[in-house]
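In the two complexes below, chain A is the common chain; its partner is chain B in one and chain C in the other.
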Partner chain A sequence: MCLQNFPCQEVERHNKPEVELKTSPELLLKPILICRNEAEKCLIETSINSLRISLKVKQADELENILTKKFLRFLSMRAEAFQVLRRKPVQGYDISFLITNYHCEEMQKHKLIDFIVQFMEDIDKEISELKMSVNTRGRLVAAEFLKQFI
Partner chain B sequence: MSQNLYFLRERERMACFDRASPALKETLLKIYRDNKPTELDQRLFEFGAVEYHIRSSVSDPHYVHLSISTPLLSQEASVAQGISQGTVQTIKGILSDIVELVEPSREGYQLTLRLDFSKIPQGKDSSKIITEIASIQAAILSCQLKEMLSNVASQDTSPGMYKLIKLLYHPREPFFVVRQPEKTIAVFPMRFQENTDVIIATAFFQELMDVGSSEAWAKVPLCTWSPIPPPELRGEQMEDLSTNGGFVSFDILPHHVKGKRLDKTVWNLLNFYAFVKYHVKCTRGFIQRRMRKRLDNLVKILHKASSEEGGYVDDAQVAGCGCIKSLVSVSKTNTLRRRCRNFTKKVKRMRCPIKIHGFRRFRRRWLTVPKFSSAFKYTKID
Partner chain C sequence: MSATDEFVEADNAEAIITRIEHKSRKIESLLKQWKPVEALKTALEGSPPNTRDERCKSANWIVVHRAIMAIKDLDALFSSLDPEYYDILMKYLYRGLSTGDRPTCDQCLRIHERLTERAGLGCILRSLADTANTV
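Moving on to the complex of A and B:
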């Protein structure tokens, strides 16, 4: 996360995250793709003044699929609360972060990395807990319904 | 355990499972508690197809006329004869001293009742009696289904044959009753508007099947779910068989419709759609609450990352502790200094874009203009 301030080379007095524009290849580093399996992967794209991290979360069945979509969309729509979260994930991924040099100045880098790692762990944990809660609720409701027949 | 209690509390609040119509009950209670006799001619509409007409007059203060129009469960029966004799007898049996059937019924209504409010006892029982009167529409529909299910025990169908009856309780949500020699099957085609609802409901149906098939629940009707129409529904119209939530079937055996259980079985089957829709709605609300709570937790973690740097701290958080306040203010000064330094560097870079190594020292030594102070002061010449 060695980011530094770099004004835009195309437009005067503009300062844009180069990883989003991708107009100057000399300012971009090689992207890194880390795959746990076909369903879970992480793409890290770096440039001189910004860094983009995109995550694809594991979705085993339809219920996990809708829970993941709902939850990550919920977070993305409130991206301003997170500052480093992108409103729309990169195509092919479920959620994306955009970290610029300004974020590195305002926040401690190691804490930022800790946050992203914890975010990834929490997402998996939250989706699993949500799925378990929904199934448990369904079981309790089913038992209540069948109790009425006795 | 906490989820169980939460669900039970929700169920208590659910008006859709009450047999009594809330609006009708409120109106009748108001008339009963009113000391002065009033002229009233009121129509109430429920679920789009149920209509009540309440009429009371000053000349006859003790009597209230209640007319009911309700779409019957079975379309064949309603076209043929209206309300069956069995249903009429059941209604006559409900509070026979207070409720009297008026024949013929008012035009446009299937049933007209004359309620004698002077015979309702004072006290807590009055509310109970009025609740029972307000449940007459549910009683009419329950009677129809009871007649169909009670024929299971009579075995009036020959082996290998079955009769399919289409019933309509909620608008656009028909369900089917298949009468077989040994049992009656109630089949519910499930339809939902959104894909999320389909998936939540499907998970619920899987749990319903799992719970119902366990040994502890051997006494309840067997429940099955399938994504395709069961063979009993072959030959029905495509619009009734096209669903996105599959088909839920309950096997009703003779012991499920004996005695008091008949009433419970009938009411549960009539309200199955409402039950599932309510569960899906509550689950969506639950998911939303959990997501909001998790969002708050994640945002707190991020704020910790920025607050330890000293940039963004709420006054409320540091209000109580002076030492932390001073630490924050010192850190803020450092940040400001660093920003000023960066700004001046930027300005210098803009003015001197080309940097020659060692030129700064040369410039400082040889190119600076020496400062000297003059003994003569400047005087303005007029």
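Moving on to the complex of A and C:
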């Protein structure tokens, strides 16, 4: 991950993440799309001063769909706290990370990479835990409610 | 300048597509003889990096894909493949990974892991950075 500072070419005194704007093709590398299977994929787009990683998480059924959306929206809303998270995921994906050269200067690169890999590993576990807790609660509530009719 | 280039491209495209068809017939026969490694080598050899025609690239991709899916023994592959083909193979692997089709992705991931061990990270970076000769 080699990102360096690159002030905007078009506008004076502006410094924008080039991967978001995509104005000059010479500053961008080829985006790679890695699909583990039909449901999960990862898009990595790089440019001279920024890097965008978008993930699509596996969603087996409707409940997982809703849980994933809500959970990841919760995280994205608090993107300020994460710093490398993007507030809105890229079209077609569930969550996006935007890493700029400033992040690389402040934080250690291998730690950033570890963070993202850890995130990818944990997200599946988190979603299944949430799903299990929803099902358990639903069962308990239904049992309590229907007891009165016995 | 670019007009003549395109004119040359069109002629070349037909020639290249015929060449690719010949190659695919050869590869089919090699696969029937249980020689998937030679098949992959033949597929990678005629890679047309300088053409911008999408049809040639897709035609070549189909041929390479067929050879990649037929590979079972990865060790034999790497012991006999020349290093100059590592970069081209890496580009095709990434094209395979973007398809999203499960068996293709599984196979591509398996080969990718071994190829990275062999060729190193530079190979991956060259496939990212090379916008002139894309597959």
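Please note the rule applied: the second predicted complex is superposed on the first by the 147 of 150 C-alpha atoms of A that agree within 3 Å, B and C clash if a C-alpha of one lies under 4 Å from a C-alpha of the other, contacts with A are read in each partner's own complex, and residues count from 1 in each chain.
Criterion: contacts are C-beta pairs under 8 Å (C-beta built on N, C-alpha and C of every residue); 3 or more make two chains touch, one makes a residue touch a chain.
For clarity, every value in this text was computed on a predicted model and none was experimentally measured.
*Asks:* Looking at the superposed three-chain arrangement on chain A, would you call chain B and chain C a clash or a fit?
*Replies:* fit
*Asks:* Could you say whether A:Leu29 touches chain B, chain C, both of them, or neither, answering first, second, both or neither?
*Replies:* second
*Asks:* Regarding the shared-chain residue A:Lys41, is it in contact with chain B (first), chain C (second), both, or neither?
*Replies:* Once the two structures are laid over each other on A, A:Lys41 reaches chain C alone.
*Asks:* Specify the partner with more touching residues on chain A, choosing between chain B and chain C.
*Replies:* Larger number of chain A residues touched: B.
*Asks:* Kindly classify A:Leu146 by the partners it touches after superposition: chain B alone (first), chain C alone (second), both, or neither?
*Replies:* Once the two structures are laid over each other on A, A:Leu146 reaches chain B alone.
*Asks:* Mind computing the angle chain B to chain A to chain C from the CA centres, in steps of 10 degrees?
*Replies:* That angle rounds to 140 degrees.
*Asks:* Have a look at where A:Cys8 lands relative to chain B and chain C in the superposition and call it first, second, both or neither.
*Replies:* Neither partner.
*Asks:* Is A:Val90 touching anything from chain B or chain C once the two structures are fitted on A? First, second, both or neither.
*Replies:* neither
*Asks:* State the minimum pairwise Cα distance, in Å, between chain B and chain C in the overlaid complexes.
*Replies:* 24
*Asks:* Can you list the residues of chain A that meet both chain B and chain C?
*Replies:* none
*Asks:* Taking the touch rule as given, give the residues of chain B at its contact with chain A in the complex, in rising order.
*Replies:* Those in contact with chain A are residues 3-4, 7-8, 11, 195-196, 199-200, 202-204, 206-208, 210-212, 217, 219-221, 223, 256, 261, 264-265, 267-268, 275, 279, 282-283, 286-288, 290-292, 294-295, 297-299, 301-302, 304-306, 308-309, 311-312, 342.
*Asks:* Please output the residues of chain A touching chain C within their complex, sorted ascending.
*Replies:* 25, 29-30, 32-38, 41, 46
*Asks:* Which bits of chain C are touching chain A when the two form their complex?
*Replies:* Contacts found on chain C: 94, 97-102, 105, 109, 127-131, 134.
*Asks:* For a test of understanding, state which residues of chain A touch chain B in their complex under the given definition.
*Replies:* Against chain B, the touching part of chain A is residues 5, 62-63, 65-67, 70-71, 74-75, 78, 81-84, 106-108, 111-112, 114-115, 118-119, 122, 126, 129-130, 133-146, 148-150.
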